[in-house]
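Below, each structure is written out as structure tokens.
You will see two complexes here that share chain A, one where it goes with chain B and one where it goes with chain C.
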Partner chain A sequence: MKSPIAKVRKHIRSNLFFVEMIIVLLFFSIASAVILRSFAASDRLAKESRRIESMAFLAQSAAEIYSGTADISETAEKLLSGKPYTYNEYPDGSQEISFSMDTETTVRLRESSEIYAGGPLKILEISFSDGSGGILYETKTGAYFPERTVTDSERQ
Partner chain B sequence: MNGSENKRPAGIGTGYLSIMMIFVVLCMTMLAALSYSAASAEKGFSLKSGEYTAEYYAADLEANRTLAEIDGIAAEYSDYADLSFISEIEEMEGMELKQLPDSIEISWLTPINDRQSISSSVRYSGGGYVITEWRTVLTSDTESKPLNVWSGE
Partner chain C sequence: MNRADSKRLTDTVSAAGSMTLFLIFAVCCLIMIAAAASAYGRISENYDDTFNSAAAVRYVTNKLRACKGAEILSGNELLLYDDGYKTLIYESGGTLYERLLSDGQEVSASGGEAVFKAEGFSVSDCGGGLAEISAEGSGGRTFSAYCRIPEGGRTD
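Right, the complex of A and B next:
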């Protein structure tokens, strides 16, 4: 049979253990909440950087195709390879093609011209906007194909 | 002396949980900090890369605009060795002219940013032009500057 003092000691130890466990669980849950928020922020940053990269790659592809074709429709055909897009023509002669890059991002390609004595300089504006219409990324490129005879160009 | 009184209690003793918790929280904090800094650096790199792409194509457009201006002047002349043509080109800012036996070469730089430019050259002969150069070049002398490190003296 155990003595009453041993029983009290065991009881105190057991209580101390439970108090410690409660403190540990409390602290651990607070720390976990903070750490999980940090992981969520990292995930959001990674998604944002992937989105920026995708936009830059798509803009680069469009610019490269356009510099070789100087035609907005051909650029869209080659860029989208058969996927649907919306075509608009404006009274000032500029043309616009828009399509969705993903569920949140809309891409707009707008072509305009500057007339020079040798021929037109065609300009393609590439812009990416979110659902609210805010511009996320934009760039411009141009292609000059003179109307008169020009020997084959060699770009390096 | 009674041996049973010195026996340690079975199970987890007081303090072990705290130590384990500190270790786990430290590990998780380190992982979270590392993942956040990696994601932040990746975003910074993506932003810079995207910015550079936009800058490059904006400079490419400007270089094309200059080419269109030059070609607009050239369209009015049948002979590229004409002194009026040469003087008109020379009046344009940043143009370099090189007269060759049967042609004329015009070169110009279009800045992309404070370190790089697009170097373009066109050669006019006979019926039109040939682009002889269209490439990115370094314009700042950052490469030739030595690193500011301790030399051991």
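Right, the complex of A and C next:
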């Protein structure tokens, strides 16, 4: 037969274990909340870095193609290799092509030209925007063809 | 219910509660470890891509821009011409190698210095003086960039 003292000790030990577990879980939940925030931030940064990398590669390729062709449609055709894009022409003579790079990013290529006596200097603006329309990254490239004659439409 | 039965019930509930809390703690630990492993995997994958495949593509495009002339020998061999020497860049077994050759030296894709880890590295002529350089990253991601091929520099 167990003594009353042993029974009381066992009861106290059981309660202490219960209290200890509650304290451990409390600390664990606080620590995990902090760690989960860090994980979410690192995940977001990794995604952002991937997106910026893709944008830089795409912008570089567009600039390389355009510097040789000086034609926005040809640039888009080569860059997208048959994927769909939207083409717009503005009253000031500038042309714009836009397409989706991924679910969140839209790419906009806008071509304008400056006419000089020697020939046209064509400028391509490459910009990347997110769903809300905010610019994520933009760059500009130009192509100058002194041997090319200036067409009437370009002069206008 | 007498006092002894009530005490036994209290002890049982306390023990069961402690065990449940311990189980919750163990499950939470497992979830946290899984989340940490997943976050680490993503960061590591991104790091590998940035410092291997993407860096290899950037390295080759920069070399291509800096040289006097270039020739695509095969799908994974590129020969760059400079004053008095040539540089052969080739991929073998998932690694990108670079080999310096003097003018007149036989060109062979061996004995080069390993530069990057680049699975599926390929270089192709896209016409119009453009080359497409691409490499496969982890998770099936492909890094690809267009670059203009310089036309001069060839001595043989």
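What we mean here is this: the second predicted complex is superposed on the first by the 147 of 156 C-alpha atoms of A that agree within 3 Å, B and C clash if a C-alpha of one lies under 4 Å from a C-alpha of the other, contacts with A are read in each partner's own complex, and residues count from 1 in each chain.
One rule holds in what follows: a residue touches a chain if its C-beta (ideal position, glycine included) is under 8 Å from a C-beta of that chain, and two chains touch if they have at least 3 such contacts.
It should be emphasised that the depicted structure is a prediction, and the values quoted were computed from it without experimental measurement.
Participant: Given the touch rule stated above, what does A:22 touch, chain B (first), chain C (second), both, or neither?
Facilitator: second
Participant: Could you tell me if A:142 is touching chain B, chain C, both of them or neither one (first, second, both, neither)?
Facilitator: Touch partner of A:142: chain B, not chain C.
Participant: With the two complexes superposed on chain A, say which partner A:78 touches: chain B (first), chain C (second), both, or neither.
Facilitator: A:78 sits against chain C, while chain B stays out of touch.
Participant: Tell me which partner A:68 touches in the superposition: chain B (first), chain C (second), both or neither.
Facilitator: After superposition on chain A, A:68 lies in contact with chain C alone.
Participant: Is A:46 contacted by the first partner chain B, the second partner chain C, both or neither?
Facilitator: In the superposed model, A:46 contacts both chain B and chain C.
Participant: Spot which of chain B and chain C makes contact with more residues of chain A, would you?
Facilitator: Between chain B and chain C, B touches the greater number of residues in chain A.
Participant: Return the residues of chain A at which the contacts from chain B and from chain C coincide.
Facilitator: 10, 17, 21, 24, 28, 32, 35, 39, 42-43, 46, 49-50, 53, 60, 67
Participant: Would you mind writing out the residues of chain B in touch with chain A in their complex?
Facilitator: 5, 9, 12-15, 17-18, 21, 24-25, 28-29, 32-33, 35-36, 38-40, 42-43, 45-47, 49-50, 53-54, 57-58, 60-61, 64-65, 67-69, 71-76, 126-135
Participant: Provide the residue numbers of chain A that touch chain B in the complex, in ascending order.
Facilitator: Residues in contact with chain B: 6, 10, 13, 16-17, 20-21, 23-24, 27-28, 31-32, 35, 38-39, 41-43, 45-46, 48-50, 52-53, 55-56, 59-60, 63, 67, 114, 116-119, 121, 123, 137-144, 146, 148-156.
Participant: In the complex formed with chain C, which residues of chain A make contact?
Facilitator: My answer: residues 7, 10-11, 14-15, 17-18, 21-22, 24-25, 28-29, 32, 35-36, 39, 42-43, 46, 49-50, 53, 57, 60-61, 64-65, 67-69, 78-79.
Participant: Within the complex, which stretch of chain C touches chain A?
Facilitator: 7, 10-11, 14-15, 17-18, 21-22, 24-25, 28-29, 32, 35-36, 39, 42-43, 46, 49-50, 54, 57, 61, 126, 128-130, 143-148
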